[in-house]
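Listed below are the structures to be examined.
You will see subunit A twice below: alongside subunit B first, and alongside subunit C after that.
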Partner chain A sequence: MVLEIIVMVKQVPDSQEVVIDPVTMNLNRSLTRNVTNSADENALEAALRIKDKVGANVTVISMGPPQAETTMIECLARGADRAILASDRFFGGADTYPTGLTIAATISKIGKFDIIFAGEESSDSSTGHVGPGVAEFLNIDQITYASSVDYEDGYVTADRELEGGTETVRVPTPVLVTVLLNSNSPRMQTLRRKIDAVKKGMEVWDHDKIGLQPEWVGVRGSPTIVRKMRPIKERERAAKKIDVAGLGDLARELYEKKILKLEEE
Partner chain B sequence: MAGIKMATPAAKPEEYKNVFVFLETREDKLVRPALEMIGVGKRIADKVGEKLYCLLLGGNIKDEAKEAVSYGCDIVLGAESPDLSVYRTLPYSKIISDFVKEEKPNIFLIPATRNGRDLASRIAVSCEAGVTADCTELDIEQDTRILSANRPTYGESMLAEILCKKHRPQMATARAGIFPVPDRVKSPKGEIRINSVKVDKSLLKKEVLEFKKKNAVDLTAAKVVVSGGMGLGKADGFKLIEELASEIGGVVGSTRPAADMGWISRDHQVGQTGQTVRPRLYVAAGISGKIQHIMGMKNSETIIAINTDPNAEIIKYSDYVINADLYEAIPALVNSIREEKKKLAPAAGK
Partner chain C sequence: MSEFDAIVIGAGPAGASAAIRLASSKKNVLLVEKSDPPGSKNVSGGVLWGSSLSSIIPDWEKSAPVERFVDTKSVAFLTQDSKIGIDFSSKKLQQKKTGYTVLRAKLDQWLARKAKEAGAMVINGVTVEKLHMENGKVTGVEQGGDVITSDAVILCEGANPRVAIDSGLHKRLSDRDVAIGVKEVISLPEATINERFHLKSGAGFACEYVLGYLQNGVEAGGFLYTNKDSISVGIVVSMSHLRQNDATHSFDIIESFTGHPYIAPLLEGGNMQEYSAHLVQEGGIGSMPKLYGNGYMIAGDSAGFSFSNGLVLQGMNYAIDSGIIAADTFIEASKGMDYSESALKLYQDRLESSYVMKDMRTFKGIENVTWSPFVHKKVPAMLESLMLNLFMEEGKPKKHMTGMLLDAMSENDMLKASSIMEAYRMMRRM
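So, the complex of A and B:
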């Protein structure tokens, strides 16, 4: 039986050009370009390497608005076999709970799965909570913050990068793995695959197709709400210019102002 | 598939009382973010006259339970078993979720470390709670006992205040290095409740084969940090960074891409996905000042940037700007500092 791999990918605003509407304090989506969340490209690459090694069916899924199609096509063009976009006006405004719920329900609807990949976090929400949430909904084990992933005979072995060191773990499938940003180099899309990808296209599933009640998902299904947003004001700093000839003066100033001390405690 | 259902609001939110914090350990020793959680948890509990419960799991945790009490914890809820001596998602989330369902806390705080985030979301789903990730400000409203969970968003330019009004507990993960480690209390009188537990075999399928410790540099406690970025151009550049750091009693930091390149190990990384530092002096050499790096060092008391680009973003976060090639500026700076030291302590100089 062929291995079934699912990859969770999210389309996010390009972090280099985020524009905040000064009135609503929300993201101005019309001025911001959308891209595939970088860590999710690493997640897809990790899946495709397992496909190269032992053969697998790789399905990418995303919850998001219709314009996420560009991301879905891109994933197909890199080598995914199937793309499903969970898209529905009821899904909007979801916090991590209904996001995980919608994705988990979509995966259940697909049926069999052996490994689910996600990114370590999304660049716009940066919670890292959606992956583990999906694993809890599906009642399976997980490996988070993986820098390398290998699959053999029903087991996934991975290195996890933690604050104090690297942990190597081995888990029988089914398992969900979240992959570190930049942990591999995602392959390019080939022209031939791009043409095939556009031809193949993505499937769009709404709440009805997935089997979700409208009040379970999106903003209505979210335990948390944003009460307000305020700009973070940084302390003004002098940015005093020093040239190389002035480094002697700088050294004196650092000791005078006790920014440097002769004895560090 | 069991349990794919919406989060049901708490029928009686007023029945949920007290503050839980998860005490993360490594080799059965509390890690620094655990102490930070005790501090913030205690402040919130005190404000509404409730108790601080500390959750401690491990192989042998009696000493660390006493530690937690010495920092102000009112009740330690412990679970002890050889199977819990290393963190594993399933046994930890099951045992902790059971504690939550039994004790019904109003608030539950978990450090936003990697294992903390691994855990928090599973508990939130299992307990049908609301969770806010990576908070940098946490407070409670006295009359409503609603948690005000604040987290930076939109590339750290905005702070979002997030509430969870109907679901319980109100959960949050707190960014490490932001909340101060509390002082020890004078006459600690917390209660310790540790149970030996038997962990269900089905939760233990994950094998932890190895843990390769990094000679963990704790940047968060450093008074002086000297960091290098891609402007170093090569791994060797870090020798220069080390030289400056050792001259001024500092530790070495890096940006993420410099660590990605393998120029230096990951535990030196400062920023969103590295450590958050607030030293007396931070030197940023060959670092452009992208927001993910800035968020890890912007609260440093004094910041010096060394950069060839007069328009680098780092400049607006800097007190001093050396607009020069770091390969010229750092050796010159090291020299100036040596000279200055000689002047200040002639006896100590050679």
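So, the complex of A and C:
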């Protein structure tokens, strides 16, 4: 029987271009370019390597607004077989709890799964909650912060990068694995695969299709209450233009002010 | 049988327009763009002149993400200490809007969306490597070891046409064909811009400058356009001048421009949002490639369609119209299923009878005017001394205007027979 792999992905604003609305203090998503969360690209690559090795059916799933289509197409173009976007206005404003619930319910609806992959965390909220949350909702084992993942005969072997060193674990499927950012190099999309991905397209599932009540999900299903947000004040930097000829004087000045040290000291 | 009727390379104004026209005529078209999203690698001043879009998107003036219509168009010479310019503001420009300032990151995304809505398959984030040839005929594109086939390919790659060059359809660019444009987008509140440039809401200011203060024979032009709540400001410097003067850097030139005593106050208090640079087509008709062949056509900047007479810079209008003409040629050719060189010659013929090629021919050699020491050094210096003579009141007897003009001209070496001939030849080219 063919291995069933699910990869959880998220579309995030490009962290280089993030703009905070000064009035609402929310991310202004309309002004920024949306990209696939980088760690999720590593998660997909880990899944595709297992597919290359033993053969597998790789399904990417995401929860998000319709514009997440570009991320879903991108994942198909890298080699995923199926893309499902859980998208519904009831899902809006979710914190990590109903997000995990929604994704877990989507996975249950798909049916059989052997390995679920997720990125270690998203670059826009950096909680790292959703992957482990999904494992808990589905009541399966989880391996977090994996730097390398392999599969053989019903077992996933993974290296976990911990503060004290590396831990190698071997866990029987079904299991959820969260993958470290930059732990592999994701393969390129090609024009051929991208054309096929656009032709194939993604599936969009709403709360009804997934079998969730509106009050369980989105902002209504979220226990988090945001009391206050404030921007971090940017430090004023003394931007000073110096002439190359004046470099010696500047070095002396910095040395005297003890900002610059000589190596021997 | 080909997978697509036509493949269009590049989703700028030329490529998107071609794709919209083709898809609207029920052609199965693939539009491939290397940047993601479309427009994120494109740089233009930019003012979109004319109403070329109306033939493919009739309501574009209402729906396109344009910034402001040009209500005041200026040209000015800058010297170290002075600015001498002409401002043209007109109610007539309010009634009949002839130019709009645009930000390409927004415009190109919108055009690509229109192409998708019309039924084109739009793929971005993938770079086509080269054209696929079979028996001397272009039959598709190659990427990542795969061949995607089509009856014909329309190349709209912009100022740096890599695929056309690598496929031997375009000669390598030489220094005289291109300039470098460097641009900053500086954000300022809409109200501040309106106040600073004396604009009503929605109205915009566009100005081209001659940077007459540059040293060592370096020639550069400047531009400043108002967007809704930002200002696009930048310079265009010829590649050969940069190359000849190792000590000259394009970033120094833009800094000297934005720091000029009569430019800096216009930008004061703004935050730089974007900094970008791009090649600019400058070669004129002399550096145009062959525009069509077996199974292919070239449109937009790749084809060398841009225009600058120092008073106005244009390119997007030529891009849009050449893209549309290429699409129409394809549609015509598809009736006989003949995409050979002789069938696609129709593209050249249609361009010749449109303003696109007529302008290119009328202004043949204009680049020798816009890039000349006469315009960049002598004229600014002469104008400055003339104005100073006119307005400096030093208790001395005044001269007639003509006398002052002649004095100012002779001070700047402009009364020699050779200079007069040069000026006359230039005037004719403009």
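Following the convention adopted for this analysis, the second predicted complex is superposed on the first by the 232 of 265 C-alpha atoms of A that agree within 3 Å, B and C clash if a C-alpha of one lies under 4 Å from a C-alpha of the other, contacts with A are read in each partner's own complex, and residues count from 1 in each chain.
Here is the rule we use: contacts are C-beta pairs under 8 Å (C-beta built on N, C-alpha and C of every residue); 3 or more make two chains touch, one makes a residue touch a chain.
Note that this is a predicted model, so its numbers are computed, not measured.
In the superposition on chain A, A:K194 makes contact with subunit C only, while subunit B stays out of contact range.
Of the two partner chains placed around the shared chain by superposition, subunit B is the only one that A:W216 touches, whereas subunit C remains out of contact. Contact with subunit B, but none with subunit C, is seen for A:D141 once the two complexes are overlaid on the shared chain. In the superposed model, A:R33 makes contact with subunit C only, not with subunit B. Taking subunit A as the reference chain, the count of touched residues is higher for B when subunit B and subunit C are set side by side. Shared-chain residue A:M1: touches no atom of subunit B or subunit C.
In the superposition on chain A, contact of A:L262 is made with subunit B only, not with subunit C. Considering their complex, residues 1-7, 9, 26, 31, 89-90, 93, 113-115, 117-122, 124-126, 128-134, 148-149, 152-167, 176, 205-214, 216, 223-224, 248-250, 256-257, 260, 266-267, 272-273, 275, 280-281, 291, 298, 301-303, 315-324, 328-329, 332-333, 335-337, 339-341, 344-345, 348 of subunit B touch subunit A.
Contacts from subunit C toward subunit A in the complex involve residues 3, 30, 32, 37, 40, 121, 123, 125-126, 128, 141, 143-146, 148. The part of subunit A that touches subunit C in the complex is made up of residues 33, 74, 188-192, 194-195, 198. Every residue of subunit A that touches subunit B in the complex is listed here, in rising order: 15, 18, 20, 25, 27, 95-98, 100-101, 104-105, 108, 120, 125-133, 135-139, 141-145, 157, 160-172, 181-182, 213, 215-217, 221-232, 234, 237-244, 247-248, 250-252, 254-255, 257, 259-265.
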